[in-house]
Structure formats: structure tokens, C-alpha cells
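Please see the structure below; I have some questions.
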Amino acid sequence: MITLASDFGLAYPAAMKGVVLSRTDARLVDVAHDLPRQDVRAAAFWLRETLPYFPPAVHLVVVDPGVGTDRRAVVLRVGDHVFVGPDNGVLRPPARRVFDALDDAPVEAYEIDVPNPASTTFHGRDVFAPAAADAHVASASALASVDRFEPIALDSLAERRLPEATVSADGREATGEVLVVDDFGNCITNVPGAFVREAAGDRATVNGESVPVGRTFEAVPRGEKLVTVGSHGNVECDVNRGRGDEAFGLAPGDRVELRVD
Amino acid sequence: MITLASDFGLAYPAAMKGVVLSRTDARLVDVAHDLPRQDVRAAAFWLRETLPYFPPAVHLVVVDPGVGTDRRAVVLRVGDHVFVGPDNGVLRPPARRVFDALDDAPVEAYEIDVPNPASTTFHGRDVFAPAAADAHVASASALASVDRFEPIALDSLAERRLPEATVSADGREATGEVLVVDDFGNCITNVPGAFVREAAGDRATVNGESVPVGRTFEAVPRGEKLVTVGSHGNVECDVNRGRGDEAFGLAPGDRVELRVD
Amino acid sequence: MITLASDFGLAYPAAMKGVVLSRTDARLVDVAHDLPRQDVRAAAFWLRETLPYFPPAVHLVVVDPGVGTDRRAVVLRVGDHVFVGPDNGVLRPPARRVFDALDDAPVEAYEIDVPNPASTTFHGRDVFAPAAADAHVASASALASVDRFEPIALDSLAERRLPEATVSADGREATGEVLVVDDFGNCITNVPGAFVREAAGDRATVNGESVPVGRTFEAVPRGEKLVTVGSHGNVECDVNRGRGDEAFGLAPGDRVELRVD
């Protein structure tokens, strides 16, 4: 199985599919091709929330604002999962989540040999798609058998940690930021859900504004704001059947100061 | 085969796919993940117009504005088709269309046991996707063998009928409403196409405005309005190579008074 | 394998999938269903850039502004590739690209018998999808065995050539137009990349404005304009991590006068 994720939008993903299917009859599964454009951090968040649910697979990920620079093209193996994409950190959060769910899984990294990395080549089609097909054919445990894959040190991989929130000593105040806004307008922060659950209050103050804390959207009337813990396990600033981003005036990267009352 | 339909947009559907594929290697087919957001009626319309064309399959449908309330999670079997989703009526129109096309198909309903229905769980991923996989593995005729499926009375299912238009005694006037606007801007009403065909006039009055009746878009010059019968079999208010919704000033739910002249 | 491409957007493609899967268990691959609406030329460009990367397949293409007119429904075989769609020229550019990559591939054309071509039928669902399934079942070398397929002369097919740019005698000036704007805002022209490579200058004048020529986006600072050769092999007017269409004031069809300095 090969999953495909990119920020390519229209048509470009199909060229990648064609290249992969010319090399293997693996099952293909589209993850998303409308990942936030050239936004490595947001893409890493969404991939962390989706790829670990898959059975062992090759995960082809192309969110690559540095295409044409000297950033490397890499393959990262975690147990029976293989991540293929640019070495810009986007692969690390989903790979780490997969690693944490396994028991001492073998981890390896390879650089994909790219003859002319600064060409105007479409790397998704010409570098990453063939590499994903080759990784699938070789299988996760025999990546070293692929000629173009050169072993590299794990700690040489670009790191892109999602930012972490801070929680005050008494556990009632947290400072974080909006990681992403989903298509419903929900503002997903990096504040762990445990903060809200442990502080155990009925209301929260978000950047100075007091709103109810609810376990579900329906805890408040339609159109009303609330703070809740989403399916990601993170604190969200939402509106029941409305857009939290508009109501709270929040966008990705914005600072969020929370106090549970 | 398992079809997937939702209003989730970006990334969330992939988590459902991962969960399903961790339980079965069934073929997956995306129906749409951009169904009108939290709009049960419009989703039911689109699913009625698409799912009945599929061969027997498990149809996973998640348009679920009531997630986190006490609405049930259900499985509805019609012959060899199985519909899995929230009990908010969205499953009924496509299931009824499938039933009507079959000869006395067996129909059964089950409630999916959800340990804590009001949790902040992502039901698409954590309840409906595993249920769809289990239904596929069990097969339509042996759903009772799935432990978490509890038989329920068919007439206990939430009903969500699409509204019906009325036609005058002389067959020349009809009153209905816009069910949905498609991506082309075509305003699909609930007035049956037979109304226009039987009234057999060259022009129609739509909310007081006279426009041609055409069998195809090309019956009128580009940019011109017309009334036609769409592939759904319903009367539509359209513009040839333009947007009917903008030209007629119509939106879903708007009342439409038609007279064929 | 059957690939699917259309400008249908929401839901309609699923009806086509259902129809195909009711007739064959072929692998289905979505190419794109958000092709520029009713824009045969832009669709032909995108299909030329994607379909030739696939292994032999039946390519179901429905961008069909003339549905309901007397335009024919056709099947075009090039070697082991089969193109199914309206006879409006959209199939020719990808078919020609496939032909050019093969060595003397057999080429045949058929008209699909449509009982009532001017009906309000949804041809994607009712004509093209069944034809694609039948073509897949018959295989590329035995299309004549499908009852509804009538052989027609190749030169009777509608032609839709993508417009060609002109290059001055000294090779420093080119006049062309914007073929398409991709989802990143890159303006892809019909000027061949060889023009820029052979003129070999550091800067280019685009409609009177001088900008750098770069081999990659990163050749210029973020937000800056450049002229580059894209993965299609054509000259593009782009902005590094920004939208070229907005910065250059260009849209599909606009004339582009280039001079390399």
C-alpha cells in the first residue's frame, strides 16, 4: 500500500500516481492533496493525525517549498512503515507518532540519490514517486537493496517539532498557539487536552474572553463559542455549527492564552 | 467494496481510510468528502443520486452535525447494500432508492453500540469506520453476527424525507423549492421533470420571470437562462455555460413557483 | 485500469464510478475532477501532462460543454491506451503525447452509439462510463468487438491543438500566451523551455517588465517574480512562494511577449 499526500491541488498528483503505477501495482490511497500550501508545519500536523491510523504502508509526502534547493530527498523507515519525501521535517511528526505506538521498531534513514537536485525537475513526479514505488517493491526491511538509497544517520534528518505549549505551575493557565484551523473553522491549539480536563472548570478565558468549556459542540447553543478538547486530543476554540476562527479572530500561529475558571 | 462520503474536507477522511484498511483489505471508493457541510438534507440528495449506481457495497456516510449528542449510530441493510452512519435521516433517501430498484429486498436496522456516545471522540474515525469495516467482513446477510450491532426496529430510524413539490390540478403550475445548487450553479428543484414534460410548453415562468424551456443547455444562447429537466429527473433553473443560482437569485431552500406557458 | 477525469466537482464523479464498478472490477484511479470548468483547452493541457505517465489504461475524460448537442461520443485507441470522451478535441493532446512516446502504435477511433444524443441524459454516467467499462472488458486490441462502438476515420475526429508560440529569427524574442494557471498561481505559457535555455540570458522582459531568469523558484528571494522553465518543459511566469498570476497580471489566454536579455 502506498499513501499519497501533497499540497499540489489540481492534476499534479495524477502524474505521481501514473509514475507509481508504471512501476508497481500497489494499492494507492489518497490522504489529501490540499494540504496547506507550502506550510510544512501544518502539513506535519495533519499527517501526524492521519498516517498513523494506516496499516503498514509506504507514505509518499510532498510538501516541499524548498524544491530546487539543496535540501535532501529522504526515506525514513519506522518498523513496517516507510516515509518518502523532502528532508524538511515534514516526515518527522507522523514518523514519531508511529514509532511511539510500536514496541522498539527499527528505524533507518536513507538519502535518495538525485542526479541533479537543482534541476527544474518536478521532484514529486521524478524523484519521490519512483522512490516510493521502489520502496514498496523492496519492502520496508530491505530498503538498503534499492541502489539509489544511501544510508544516512538518523540525527542528520531535518527536525521540525510542532511547538509545545506551557502550562502554569497551578495548572490553571496555559500559553500556546493555534497549530491549524480545520475546514470547519475549528482552531486547534497545541495545548494538550489534559490541561482542560484536569483544571476541570466550567468556563475558560481565551485571550481575555470568557467562554464555556464543553465536552461537545452541542454543549452550547448554535452559533455560540466554546472551548473543547478535539479528537486530536488538543484544546480547540470552536463555535457550535459555526466558524471558530472568525468568532475568536484566530489564525494559525496566533498566540492563545487560556485560563480555566 | 466500501464507499466513503462525508462533509469533512481536508485530511479527516484519511484517518477513516486508515482505520478501515487496518481491519480489512476491502476496495475503498471515495464518493465525496465535500458534501455540503452539516447539511443533512443536501447530503441525502447527493447520496440518493450516487450510491444507488454502485454494485452491492458498504456505504460509510458521515454528515453528522449532531455528533456528541444522543443521536444513535446505525447500520441499515437493504439487500446486499449496507449503509453505516448517524441516525439523523441522511441514510434514508439513498437506502429507499436502492430498495425501490430491488425486488422485495430484505431490510434490517442495527444500532452500533458506542460505549460513551457523548465523548469528544471523532465518531467518523472511532465509531463509523470500524463499523463499516466490520459490516464488510461480516457481509450484508450476517450483520447480526457483529457483536456491537444490536437489532432495532426499522420504524425507529430517524426519517428525513426530501420535501415534495405540489402541482396544480391543471398541471400547469407547480410550487416547490431549490433542493441543492450543484458546482456548476444549476439550481435543482424538487419539482418532478414530468411536470415540465407533460405541460409541454416552450416557456416557463419562474417566480414571475419568463424564460425558455429547453431540453439541453444548448437550447439557449450562452449566458442565457432556461428551465430544463436535469439528469436527476428534476426541474432545474440553469444558465447555459453560466451560473443559474446567480442569474435567478436562488439558493438552497428557496421557494420556486413555476408555470409552464 | 480506468482513470477518471472531469470538471464535475462534487458528487457527479461518484455516479460514474458506481456505473463503471457495476460492470467491471477494474482498478479506478482519479486523475482530477476539478479540471477548469467547461474549458476544453485547459483540460487538454492538464491531461497531456498527466495521462501519458500512466501504464496502459482506459482514460475516461468528461469535459463536455457541448453535452446535448450533436457532438459525437468517441473512443480513441493508441497502442494499449484507450481514451473515452466527447469528440470536442479534449482527447487529442494526451493521445498525441502517448503516441509520440510509442513506436508506431496502432491507432483507431470509434463512435459510441448513443440512442438519443440530445436527451437530457447525464452522458458521463449514462454514455461514457459504460463505454469505458466495456472498453476495459474488451481490451484495447479488441474494441471492435463492442457492439455499440462503430469504427470511424481518424481524421474525422475534432482537433483541438494547443496554440503554438512563435520565436523570432534571432532566438531572443518569443510571442505566446498563457495556457493555464496552476493552483500555485504559476502562469504556464506555450513558449517552449528551449527558448529560454538557448537564449541563455540572466534576465527576461515579460510584456515590458524585466525580471530574473531562474532555474528554480529559490533563485530569487521570496515574493519576487521570475521567469523559469517548469516541469512541463514550458516557460512559466512565477513568483517564489507567491502567485505569479497576481504579480504579473496574467490569466489564461493572455498574450505574453518575452525577450531574453
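A, B and C are the chain letters, set down in written order, and residue numbers restart from 1 in every chain.
Note that in this section contacts are C-beta pairs under 8 Å (C-beta built on N, C-alpha and C of every residue); 3 or more make two chains touch, one makes a residue touch a chain.
Only a predicted model underlies this, so the values are computations on that prediction, with no experimental measurement involved.
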{"item": "Self-contact between copies subunit A and subunit B, residue sets same or different by half", "value": "different"}
{"item": "Rotation in the CA alignment of subunit A with subunit C, degrees, nearest 5", "value": "120"}
{"item": "Distance from subunit B to subunit A - Cα centre to Cα centre, in angstrom", "value": "32"}
{"item": "Residues of subunit A touching at least two other chains", "value": "30"}
{"item": "Partner subunit B, residues of subunit C touching it in the complex", "value": "8-12, 14-15, 17-19, 21-22, 25, 28, 30, 37-38, 65-69, 118-122, 125-126"}
{"item": "For the subunit A and subunit B complex, residues of the former touching the latter", "value": "1, 3, 5, 27, 29-32, 34-35, 46, 49-55, 182-184, 193, 215-219, 228-231, 241"}
